[in-house]
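Naming follows writing order (A, B, C and D), and every chain is counted from residue 1.
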Amino acid sequence: MSGNTLGKLFCVTNYGESHGPAIGAVIDGCPPGLELSAEDIQFELDRRRPGTSRHVTQRREPDEVEILSGLYEGRTTGTPISLLIRNTDARSKDYGNLLDTFRPGHADYTYWKKFENRDPRGGGRSSARLTAPTVAAGAIAKKWLREQYGVLIRGYMSQLGPIRIPFQTWDSVADNPFYAPNPGIVPELEAYMDELRKEGDSIGARIEVVAENVPAGLGEPLYDRLDADIAHAMMGLNAVKGVSIGAGFESITQKGSEHGDAIYADGFGSNHAGGVLGGISSGQDVTVSLAIKPTSSIRTMRPSITRSGEAIEVQTLGRHDPCVGIRATPIAEALLAIVLMDHALRQRAQCGLTR
Amino acid sequence: MSGNTLGKLFCVTNYGESHGPAIGAVIDGCPPGLELSAEDIQFELDRRRPGTSRHVTQRREPDEVEILSGLYEGRTTGTPISLLIRNTDARSKDYGNLLDTFRPGHADYTYWKKFENRDPRGGGRSSARLTAPTVAAGAIAKKWLREQYGVLIRGYMSQLGPIRIPFQTWDSVADNPFYAPNPGIVPELEAYMDELRKEGDSIGARIEVVAENVPAGLGEPLYDRLDADIAHAMMGLNAVKGVSIGAGFESITQKGSEHGDAIYADGFGSNHAGGVLGGISSGQDVTVSLAIKPTSSIRTMRPSITRSGEAIEVQTLGRHDPCVGIRATPIAEALLAIVLMDHALRQRAQCGLTR
Amino acid sequence: MSGNTLGKLFCVTNYGESHGPAIGAVIDGCPPGLELSAEDIQFELDRRRPGTSRHVTQRREPDEVEILSGLYEGRTTGTPISLLIRNTDARSKDYGNLLDTFRPGHADYTYWKKFENRDPRGGGRSSARLTAPTVAAGAIAKKWLREQYGVLIRGYMSQLGPIRIPFQTWDSVADNPFYAPNPGIVPELEAYMDELRKEGDSIGARIEVVAENVPAGLGEPLYDRLDADIAHAMMGLNAVKGVSIGAGFESITQKGSEHGDAIYADGFGSNHAGGVLGGISSGQDVTVSLAIKPTSSIRTMRPSITRSGEAIEVQTLGRHDPCVGIRATPIAEALLAIVLMDHALRQRAQCGLTR
Amino acid sequence: MSGNTLGKLFCVTNYGESHGPAIGAVIDGCPPGLELSAEDIQFELDRRRPGTSRHVTQRREPDEVEILSGLYEGRTTGTPISLLIRNTDARSKDYGNLLDTFRPGHADYTYWKKFENRDPRGGGRSSARLTAPTVAAGAIAKKWLREQYGVLIRGYMSQLGPIRIPFQTWDSVADNPFYAPNPGIVPELEAYMDELRKEGDSIGARIEVVAENVPAGLGEPLYDRLDADIAHAMMGLNAVKGVSIGAGFESITQKGSEHGDAIYADGFGSNHAGGVLGGISSGQDVTVSLAIKPTSSIRTMRPSITRSGEAIEVQTLGRHDPCVGIRATPIAEALLAIVLMDHALRQRAQCGLTR
């Protein structure tokens, strides 16, 4: 398989460029009989949509999804589900100079090295806009997992640049543009972002995703471990530079007597494992953490070169997220859903797991 | 594809259990014409072999590899290379009680939940012993990458539990059992480990791996990005709980003006990207960092349950690494080599890259 | 990978139903830099289009293709190419009774058994209409193969029911609706079909496809042999019940001294192998033959059952091809092109083959 | 995935060369809990073993299989099953001249063109000996299918060169070296083969394979249809030049009113479909037919060239089957079993099919 498909049994093939006619995904392998409507998908798309607050890109895309196949009378038929999202607010002229130069920290340079012929308009294929089809596909996985196993997948921002955001309540997450689980800290986040925009700079963030009610037994012994496939999916998301499960990098300083989660007759005593032991889900919450780098498209002048190798100063005007982490939460949820559904189907194949 | 194969074009299928007759790997997709001998592979296997210092498991396995296929007159033929390693020092009786109970933090529990019928002897399939075939396969990838592109892959330990190990020199790495790039710190590491063994406990570690001279252009735009496949491979290694590329989790607090590596006519000004931009290699060093948890097999008594759900205290006698991170360096190098070679072949397929 | 993708490196994922909003394909893995336009694809689509003669279905679909992604300034970028074809002439009411019953010889029954929820309108996913995206993808493969290696892929009808069509000239193929390479026999074919339509019955056919200038070395030793992948692609086409390569079923009665193609300094003395030896292309023409069954959608009354198991008589009105073989030639060419291109990329990956 | 693996969920990776140290297979994806012993596998291996009658190669290989992994206490664990068969009767000197020249009709030429460095001893990787691991893997699939669904897979020879063998009884098949289902015709077959050996020539054959009690619903709509994957597996077998399902090439002259199998309340009225409609199993017997070419290794002198392109006459001494079709029956059964099991797992994944 070529590189634009995620999953082995629940397969999401993503296509499109930021300023081309459309973006979309084909989902192959979805079980038949699932009730599904465009609204189910639109709900998740709207969560990641640009232009919803002053802290994200001002590109205004309705991101309206059309389901082209795979449904009959409101339920999936088991055949490929094709999802189409037209690009409507593409102002390519903003990016005119990008064909000939490279933003430091951006895929401009490597796409050129790899493909030579690249679409530079709005970042082309490397644009964060291409996460929309992922979110759309994830909406299907989320729904199926919820109906089959009661799986609940939720995420939040736990750090914005230097500001740590202590978890307080899930209830707050939907009420602020940052997906912060802590209403009291929102004004500080707003102020930080306002300052950043003035500077014309960008900042990193940290996102947490949690899946509850995951059945035990998902994952493969070697290589395609559940945590390995989660890491693959998450690191495959734009701007992610680090992925961890459970205690993550804190495991380095833990002793075995502390890290290993005690098992009691009524459950585990802690969850340093993050719900995965030996690559296989344990039934505990699957907890994932992502490090997201600052956007490379900034107004600040940076040293770069042209295609012919001459030194140049680059700044990016256009419309960009000063912190791509802000919109990353629903995307990370979608990715986790896709991986879990894929492994649920794989488990069902090999071990016959049913509800 | 089922879950025990790594790679899409350079495919490593791993088999075996810790105390079964043998372990091994079949490597499919290796280009023909590569000079290869058992010695090439044995060299890397010896680097990860148990029993080489008092700080690792005392199991004494020669780990002698036999090449069963895929070679003719000392060169690869392009057909599958089958590598066989017989198990010789398996003392299964040490693990007698493990069939009926679960070590906290260990795959015992999840294998039982997934497969029901599991081989408990020496950890069975979940044993770190199964990294030997990975190392063997990686030796082939390392050799090919070196000959084709001059790629050099090296790793070292950067932290042992609470002790950070500042990088000083590659020269030191092979001279101590910790793969520490800093000879002055080795006595402190030795003392720490001696104390830990007395306690009957275990500890985590951090490993860094670096690939130099990686050609630009390796990786796919979405999902199968080079960093995503590296994360998949690394998180698929026993005990790894976190993976990062380049600046990793430090990207969270970086601004875009700092993180984005400036480009000059004679190269990049820094390497926060870790050699990967937009999922595609840039030609800079690929730098990867792993968080490794403490072994779950410890002499300390821990609360657990039996298969029938009754409370029990568990301790693990047998022979175990008190810090699996100590032997992780050559394995992480092997995994990085396999991923890079796989992507080099994928790149050659799509874009026709040749030396 | 789920079941609606063809190819491992040149990957065609097909979606859609006969009377849904649209059909299409996403092609992943196409090399960058190939000049491509909608016209290139439309040319092949028009060759398989319905409604072009009285001998094929009277459904009138323009089958206009829109390229949604993967192109920049008229050349491929190496990212997925998404092709969209809207359904416009869908008269679903013609098929009203098909939800509750099963045409003998048709996929109605098995789709119901497999998926339960199936789209019965116009045959849904099992309609021959779904070959259009295959043809569209094949147009890209044909173009690339021609430019890279001078590969020429052509097909023709060699038998229509009882009437054998001796090969006379390629020149005639495009000049008659049957793809018959023999202008003299066309009136007989026309008369046969006119009679058949009056009867309300259908008939089988035999198609030959030939690829010239295929480079030697394409294919894998075991399992994924070139001929195996050709057989997979061809038998995956609606109504195909048999596939053969070279001498095919005539090999049964041949002796080795006759079948084995003699090799001379200036080439082979015959081509019983059909261009494939040991699963790998030899450089001779690749020759493939297909047996195509008669359409199951006929006006003749046939015994069948309802979903609840009661006996019923079924006839199919709607608009159907009385001989699906008539439009099969361009589809078989497309399939051969896709397989050859996939193997050319695989060969380039492993063995570095370049022109 | 590279080319030496068969199956997507039940994955058989085959390795080895005819005169190397060993041949074997790794089977990944087998469900846990299946009772399995070396004897189960040995039974099928003995059916294809050479040296059992004067009509097949006189190479005497015990073909003794060793199970290296994947079993615990006599049942599968769900982890990879590694099967090893040592080569013991390899007389490589018989093939001394083959490195420098090419047998007409043999893979010698194409392996050289593809890989350049090839193992010529005993045909190397292209030897029919490599079907032994396939048969071993098929034994596992046969057993699982029988236990899960009562599937019964059997084959027979229906034609030996010019001699058609009318089906009379399954009882006869195991009682003669030809797998002929007709005891009366065996003397004629014996006489034909004796004459052929004297001539130093070889002959083709036709094999039929039938799977009974296949559950309805196996297969995918497009591309990976059940019949397509059967065709892929069968055409991937050495010497096969044609594959057909059900009525096969006779469908060409059938009308729809004849070909389409009538459906009655108590079952189908005929089986022209061969158990597959629209690529999905119908519950009827799956019937497959194979055309097998004559062996290319014959004593008769044939025109060929050397590696440097000079004309030469070639004859093959060594030990060879004058009709590879004679031993093909158990191999074809194994291939059908592997494909059916793979699709049974795929079906279970997507549609949750259980017994």
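Quick note on the criterion: contacts are C-beta pairs under 8 Å (C-beta built on N, C-alpha and C of every residue); 3 or more make two chains touch, one makes a residue touch a chain.
Just so it is clear, the structure is predicted and the values come from calculations on it, not from any experiment.
> Which listed pair, A-B, C-D or A-C, reproduces B-D with over half its contact pairs identical?
Of the listed pairs A-B, C-D or A-C, the one copying the B-D interface is A-C.
> Look at both sides of the subunit A and subunit B contact and report whether the same residue positions are involved, with over half shared, or different ones.
The interface of subunit A with subunit B is built from mostly shared positions.
> Could you work out how far the Cα centre of subunit A sits from that of subunit C, in whole Å?
So the centre of subunit A lies 38 Å away from the centre of subunit C.
> Please compute the C-alpha centroid of subunit A, do the same for subunit B, then give the distance between them in whole Å.
Roughly 26 Å, centre to centre.
> Could you please state the distance in Å, as a whole number, between where the Cα atoms of subunit B are centred and where those of subunit C are centred?
45
> Where in subunit B do residues touch at least two different other chains?
In subunit B, the residues touching two or more other chains are 1-5, 8-9, 14, 29, 32, 78-79, 114-115, 125, 221, 346, 350-351.
> In the complex of these two chains, what residues of subunit A are touching subunit B?
That would be residues 1-6, 8, 12, 14, 102-111, 113-115, 125-126, 130, 159, 161-162, 196, 201-206, 216-225, 227-236, 238, 240-265, 269, 272-274, 276-283, 289, 291-298, 300, 302-305, 309-311, 346-347, 350-351 of subunit A.
> Going by the contact rule set out above, which residues of subunit D touch subunit A in the complex?
9, 29-32, 78-79, 221, 345-346, 348-352, 354
> So in the complex, the part of subunit D that touches subunit B is made up of which residues?
1-5, 8-11, 13-17, 20-24, 26, 28-29, 32-33, 66-73, 75-82, 84, 114-119, 124-125
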